[in-house]
Each structure stands twice: as structure tokens, then as C-alpha cells.
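The two complexes that follow have subunit A in common; it is paired with subunit B in the first and with subunit C in the second.
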Partner chain A sequence: MIEPSYPHRMAAHCESGTLTGLFNHAGLAISEPMLFGIAGGIFFGYLRPRGLPFPTFVVRSRPGSLRKHAVARLGLRCETRTFRREDDGMRALDRLLDRGVPVGAQVDFFHMEYLPEYERVHFNAHFVTLVGRSNGHYLVSDVYHPRIARLPFESLRRARFAKGEFAARGRLFRPLAVPPTVPWESAIRAGIRSAAFAMTRLPFPFLGVRGIRLFARKVQEWPRLARDEDHLSHEVMSIHVILEDRGTGGAGFRFMYASFLQEASRVLSDPDLAEAARGMMENGDRWREISLFVARIGQRRDLGPARLRELGDMILERADDEERLFGRLLRKFPRQGIFSRFGVRL
Partner chain B sequence: MKEQDVLSDYEPHQLVLYAEKRDGSYGPVQTGSWLVKNYLDDYREKRERLKASGLERIARGEISPLRFHLDLAEMSPEGLARRAGVAAWRVRRHLEPRAFGRIGLPLLRRYADALGIPVAAFLALPAHGAEGEAVAFEPSGDPIVSVLKVRS
Partner chain C sequence: MSASATPELKAEIKSLVLETLNVTGVSPEEIDDSVSLFEQPALGLDSIDVLEIVVALQKRYGVHIDDQNLARTVIRSVETIAEFVATERAKTSA
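Showing the complex of A and B:
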């Protein structure tokens, strides 16, 4: 058995937390909000996926995109592999662990047996770091768990090779090399720009701030989609779970993003970003009010049209504020392309 | 939000939130889950009622056990179809008790694996005794056979 020397730390979000841990271990000093911000992780989308029985929303970019964007913008070298055959995937993992190399893995959240049963849902894009193995068990550093946990071989195999939406296909990743100088400034600019663009300019009615507005409208139609009062109450309360408890750092990543903007203002010595951080924090406070509101009305079954309209209005206000906040950030970091050379701002 | 406003004292479920510290900087805070601390009982009650009504409907022959477990897992027929590698129309058909009765063991195993439950859970209804003992199937080493456990 190999004793893990991996420094386990809890973090707000599984993907950014796992990456932060692995990058720190590889010798790059970076905080979780910084990584999240550079990768442009903040987002909003109101979705009706075929794999779920009820509409839902997301508050972050697509799973896997944090890794791709962070690696590209920071100039790291990283190895990512997927596997067609389960045995190959497990053997490749064992070889790395026996050399003492910590490995990031994408897994189905449902099979993380050390977490409480009410939390475990089928979701294929959970990320953990595997740090060792001992007779039939793997040692898992999961940022949602206070300690390094043990997971049976069979559970990890099922978790890595579950099929369906976002199927992991056994995906493993590890950083190979950290560049001597990291282009912090350009990475931060690119991260803020991509997030602000995604929030304000995407031409789809269900993405970005338009998605927030759609959510505000559609949430008032939820009673028609629900089986009964219990079901409606469950779905309304799950707004809180998505915003606060499912690994967001609170307020649907808005708190973490405020922390990123504050750190970015120090790195770029830019007081405007500190101002934006304060605005984002206030915006997050309002999101958290929505979370507390849905938990209260959900438990009381106080879900009449008037209450849901009140909820819709609270959500609409978030759309207005975020349009202003991200619009300002987008104007601050205009595209560095041929248009800006002629003084044209997009 | 200020640090003291997000703190919640609930040891069994810890998570990290970002908040404003006393010196005005923003950073991570480890805390208990406010929702789980205050509303876990409500969640469990809703689930128990969902189970009870589902079992009644199975007993009356209105729905198949597959529909029951699908609702419990909060998955759609299409979602299960992709996870189990079965056509969506077949999954939808198997939500009816009559068609469910014609499923073979290999397919039933695929459904069970995709839902993360033992095969036996499809074939027997868990009941709650008057004394509150809970009956549950748990996996054994064999893929088909499971162990029936009673906890009081």
C-alpha cells in the first residue's frame, strides 16, 4: 500500500477544486476562484434536458470546459485520456497510482458512497482526485468530503464508465508541466472576457442573462409540470440546492466570482475590478435571498401563483443587475482582434 | 455576504462557501449545509410519501416497478435509455406493467445497473412493518442474487 502524501483540501466546486489541487501539487500556486475566473466558468442557462424529467438550470459553463480553458490560458501541459475498454482504463489508473502520481478522474456522482445518500444523484460530470490504492479500495480526495475517502474497486469502475449524458468514458487527467512564467494578465483578461460575452451576447433565448429572464417566466409555469404538491415543492426547493449546495461556493458561483474579481484587481492593480467585485458580491447576496426564499415557500407548500410571481420578479432583477455587471466587464476588456485595431468596439 | 451570515452549524454535511471576511477580503469558509440542517426531514417525508404512493400504484397494477424506480431516481425514460443502452421507446413501453412482465433477465440487469439498484428490487415490494423496521435489498457478490436485510 502506498500512503498518500496528497494534501487534501475541501473546495467549493468539484471541477475547479480538483484542478486547483492538482495544479498546486504540480507546483503552480493558484487559488480556486482564480482558476474558475480564468477559465470563464460563470454562466447561466435554463435547460430542459432529455435525460431529466423536469426543467432545470445551470450556473456554470459546460463540464470539462474549466479544464480546457484553464490549461490553454495558463499555458500548462496536461495529459487527458479516455478509454474504450474498462479494463484498460482501470489498469492505466493503477499504473499511475503505483508510481505515486495523483490523477484527476471524471465519475458518476451517484457511486461516491462516502457521501450522504440524499445527496447522491446520477450525474456523470463529477470530478475527484485519486491519490492511491490499497487492497481492493481506492483512496479518493473529493473536495466535497472533509477527509480522504475509500471507495471499492467495483464502485469506481462503475462510476468511471457509467453511460449517458456527459459520459466520462473513464476520463483521467493530470498536469505534466508548469511553465516558468505564467501569463496571468492575459489569462485573466481572456477569462473575464469570455464569461462576460457568454452572459450577455450569446444569441439564444435560454443562455446568459436571457436565460435568467426565461427562468423568471418559466418558473411560474412549473405547477403545470409537477405531478403533485410534494413534487412541486421538491423542484422549487432544488433551486436552492443548485444555487447553494451542489458545489457552487454559494449564490450560484457569484460569491466565488466576486472573490476572483477581487484577486484579479490586485494582480492587475485595477480599482475598477475591485468595484466590480463589490457589485458581484451584492448580486450574490440577492441570489442567496432567492435561495432562502424558495426553501421557505417550498417547505410551507406556499406555492400559489402570487408567490411564484414574487419569485419570478426576484429572478428578473438578477437578470437586470447581471446584464449591467457583465456588460461593464465586456466593455472594459474589448476583443483584441482586427476590429479593435481600427477603433471599432464590438 | 459576510462570513458570519453564511455560517451554519451542521457537522454531518460540510461544504465550502465564499464570503466576505472581517478585513473586507473575500475567501472560502467551511460551514455546515443550511438547507440540510433545516429541511432534511421535509425532504425525507416527501420521499417516503412518493414511495408509499408508488407502491400502492404498483399493487393496483397501474405502473410498473420500472416507473417507480425511475421517479425515485429523478431520471427520465430517455435518460435511462441512454444509460442502459436501450432504445427510448422500449423503456417507455416497460413503464407499463404488462410489457414490464415480458422483460428478460439480461435487460432487467441492465436497468438495475443503470439505476444503481439490485435486480431483486424490481421483483418485490419493500414494506414497512408496524414497528418501523426497514426492509431493504442489498447487493451481494453475485450480480443477480441480493441479500434481504431487516433493520429495526
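Showing the complex of A and C:
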């Protein structure tokens, strides 16, 4: 097959960027921030997963959830398949590519050999679009790479069927049809509502705004968990990596969410959302200051109790601001659950 | 990036970069406009320095560089930074 005509574009984040490219190709004009916002992608969770020696945090919803929510809220028809047998999964992919159909795939980031080796880590929830195959290679549109890349057959097979956390089981997805009338307004409202609810109302101490507060407290206890100063410095600097380096659209997705709110204010002709966008942008600026702060103190090994308290206070301020911002959004677009039907506000 | 950057803006950016990275013993004139900042030994830029410059540009000129892909494209040389700032300023004044 010759070089395909798929319009490859770089993007801020792999899942939202891949979906945006596929949806655009299917005829739906949508931006990456709009997709991210409609899918309710923004989040916070402070986690200590089993099997990991050190706590970590997430700044977005679970991998794969953007597709599920965006498809449902935009009224798209989409096909998603996983496979028990690798051969079946590879044959299904080849059949689609030979028909000239671009397909989204979930893969282990480590096997994306066209990216620099120092960037590649084992992470089973990377997303790419496969756009063709030729001479023993697949043609890959990866939003983190400037052009369509070539990946050997065997590498893609390993990437699609890698085992472990978030194992993809060969997952493929593709949009089948875009509705004649896209329900933009209801999709935007549902996206804001779900994100604001997840950030302010989930009854778990480690999720949403409560999770940010827990993070602010726990980060001051990190010296007790670290093996030595080098380890502590590495973990503190990983805050910077999670916020800025892992395709977050900047400041832990807060900038991308601000762009979404700005766009949403135009679609809904709602100046309150433009105001919320400005607030989210400032919130992003403050998260970025945290990012810079941890990079500096980590680099200088300036990790005494006073510095970590200072860091904790900065994080606590983010919790206060995000509680205000998302609280306001939830009051504007309240959930229509069983309780609200009886006049009870959650 | 389309708006043209003036020599004054480029000079300003050179000073801002030196000030932000706390580089002493190097004058702004010694920084080449078009040479990659990563390849200028006097600066020795790393990814944290890039973020420092991103924040400094935002404070000085009010321009946002949201994500790392964009940061890698913009924070390449004095010329690319100046063009980005000039374009963003032109957008806001339009």
C-alpha cells in the first residue's frame, strides 16, 4: 500500500488527539480540547497502587474513558473490539487497513520504536491510529511524532498484546457514523457536569478536590517513604513530569480544560463559561508554578521540611481554587439524578 | 508563526533568557538568533530551563505556551521565540 492520505497532526495528548484525528477524518469537526471537555476528561486522584513502591497521582480520567463518554455524548456510532487470540487481532486490523480504513489502537508505549529510546516506558494505555501497511511495516499516526511513522509488524503485535495493568487485548476502535445533527449543547453540559461532579462530590478522600488536599498533606510525609535523598528528589521531580511532560496539554490538563471552557462559552453563548475559562487558565498557571517549584527544589536537593510545607501549601491553594471553580460549574449544570427529582440537591 | 519579530524584540528575549536562566558572563550579543538554544554551550539548556523560559515569557508578554509539543517548537532559538511572541501579540491586538 502506498503512503496513505490520512491527515496526520501532532496533539497535546495521545487519547484525545487520536480520537480527534479519527473523528475529524470521519467528518466531525471537533477540536482536541472540545473532545476532552465533552468526555469529562479532567480529574485528580492521589493513589498508592498495589505493586508500586511510591504514591503517585493522576490528572485525568481513566484511560479509555474519553472514547466511551465522547462517543455516547456526541451520538456517534463507533466500533470497538478486543481479541483473545493475537492472530485474530492482527488479521482484523489488516482487513480494515487493506480497505483503506484508519483504525485507532491501544498499545504499549514502549514498543513505539520511532520515538526516542529515553522517552519509551512500558505503559499499556498509549493510543495511536494505524493508517496503512507496507513492506513488513505498519504506518502509524502517533500524535507525539511529527510525521506518519513506520513500525515493524512484530513490534505492533507485541505493543497490542502486552500483558499487565491496562492490558489492551488488541483493542481497536473506529467511528462508523456521525449523526446528521450533533447535540453539541447537551454534550457540553453533560461533560462539564460529570467533570465537576467527579472533582467535588465523589465521596472518597483520595479523589477530586479531596484528593488534591490529601496530596498536599501526604507530600510532606514523602521523606519517610523515600530510600534516600536521591530517591526523594526523583519522586518530587516526577510531580513536574506528571503535570507537564506526559502529554497533559500543560499544567495537568488544566490549560486544555480552559480552552474547552472558552470554546464552550462560544457554542452556548454563555459568558459565565468564558469567566470560568479565565479562572481555569489562572489555576493552570499556578499548577505550572508548582511544576517549576518541584523541578527547582528537586534539582537542588532542597527538600527539607520547610520546602515541602511550602509545596503542600501551594497544592492546598489549588484544591481551594478548584473547589470554587468546579463547584460553580456544578451549580450551573446540576446533576439530574434520582435525588434531584425529589428536590434534594447533592 | 507569521508576524515578523523586530531586532528589539529579539534583543529583549535574549536578555530575558539570560536573566531567567541566571547565566552570568555571557552578553546578549553572544547569543546567535538562529542557532538552537540547546546547542549554545554557554546556556546548556535542559527541559526545566525550557519551562522556566515558558513561565518568564508568559509573565513578560502574557503569551501562553500550553503543552510540551508547542514548547519544543517555540523554545528552539531566539528567532522562533520572537516570532511566536510577535504572532501572539498581533492576535491579541487584532
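The rule is short, and it goes like this: the second predicted complex is superposed on the first by the 334 of 346 C-alpha atoms of A that agree within 3 Å, B and C clash if a C-alpha of one lies under 4 Å from a C-alpha of the other, contacts with A are read in each partner's own complex, and residues count from 1 in each chain.
The rule is short, and it goes like this: a contact is a pair of C-beta atoms (placed from the backbone, for glycine too) under 8 Å apart; a residue touches a chain by one contact, two chains touch by 3 or more.
In this text, all values refer to a predicted model and were calculated from it rather than measured experimentally.
Trainee: Considering only touches as defined above, state whether A:Arg288 meets subunit B (first), subunit C (second), both or neither.
Mentor: Touch partners of A:Arg288: subunit B and subunit C.
Trainee: Can A:Ser233 be said to touch subunit B (first), subunit C (second), both, or neither?
Mentor: A:Ser233: touches subunit B, not subunit C.
Trainee: With the two complexes superposed on chain A, say which partner A:Arg309 touches: subunit B (first), subunit C (second), both, or neither.
Mentor: Neither partner.
Trainee: After the superposition on A, what does A:Gln262 contact: first (subunit B), second (subunit C), both or neither?
Mentor: The answer is first: A:Gln262 touches subunit B but not subunit C.
Trainee: Between subunit B (first) and subunit C (second), which, if any, makes contact with A:Arg91: first, second, both or neither?
Mentor: Touch partners of A:Arg91: none, neither subunit B nor subunit C.
Trainee: For A:Phe110, is the partner it touches subunit B (first), subunit C (second), both, or none of the two (neither)?
Mentor: Only subunit B; A:Phe110 stays clear of subunit C.
Trainee: State whether A:Met10 touches subunit B only (first), subunit C only (second), both chains, or neither.
Mentor: Both partners, subunit B and subunit C.
Trainee: Any idea whether subunit B or subunit C touches more of subunit A?
Mentor: The partner making contact with more of subunit A's residues is B.
Trainee: If you lay the two complexes on top of each other, which residues of subunit A touch subunit B in one and subunit C in the other?
Mentor: Touching subunit B and subunit C on subunit A: residues 10-12, 144, 240, 244-245, 247, 249-251, 255-256, 259, 281, 284-285, 288, 295, 299.
Trainee: Residues of subunit C touching subunit A in their complex?
Mentor: Contact set of subunit C toward subunit A: 47-48, 51-52, 54-55, 58, 64-69.
Trainee: Contact residues on subunit B for subunit A in the complex?
Mentor: Answer in residue numbers: 1, 6, 12-20, 25-28, 30, 33-36, 38-40, 42-44, 46, 49-50, 70-71, 73-76, 78-79, 82-85, 113-114, 116.
Trainee: Which positions of subunit A touch subunit B when the two form their complex?
Mentor: Residues 10-12, 17, 32-33, 49-54, 110-111, 116, 118-119, 121-122, 143-144, 146, 158, 162-165, 230-231, 233-234, 237, 240-241, 244-245, 247, 249-251, 255-256, 258-259, 262, 277, 281, 284-285, 288, 295, 298-299 of subunit A touch subunit B in their complex.
Trainee: Considering the complex alone, what residue numbers of subunit A touch subunit C?
Mentor: Its residues touching subunit C are 10-13, 144, 240, 244-245, 247-251, 255-256, 259, 281, 284-285, 288-289, 291-292, 295-296, 299.
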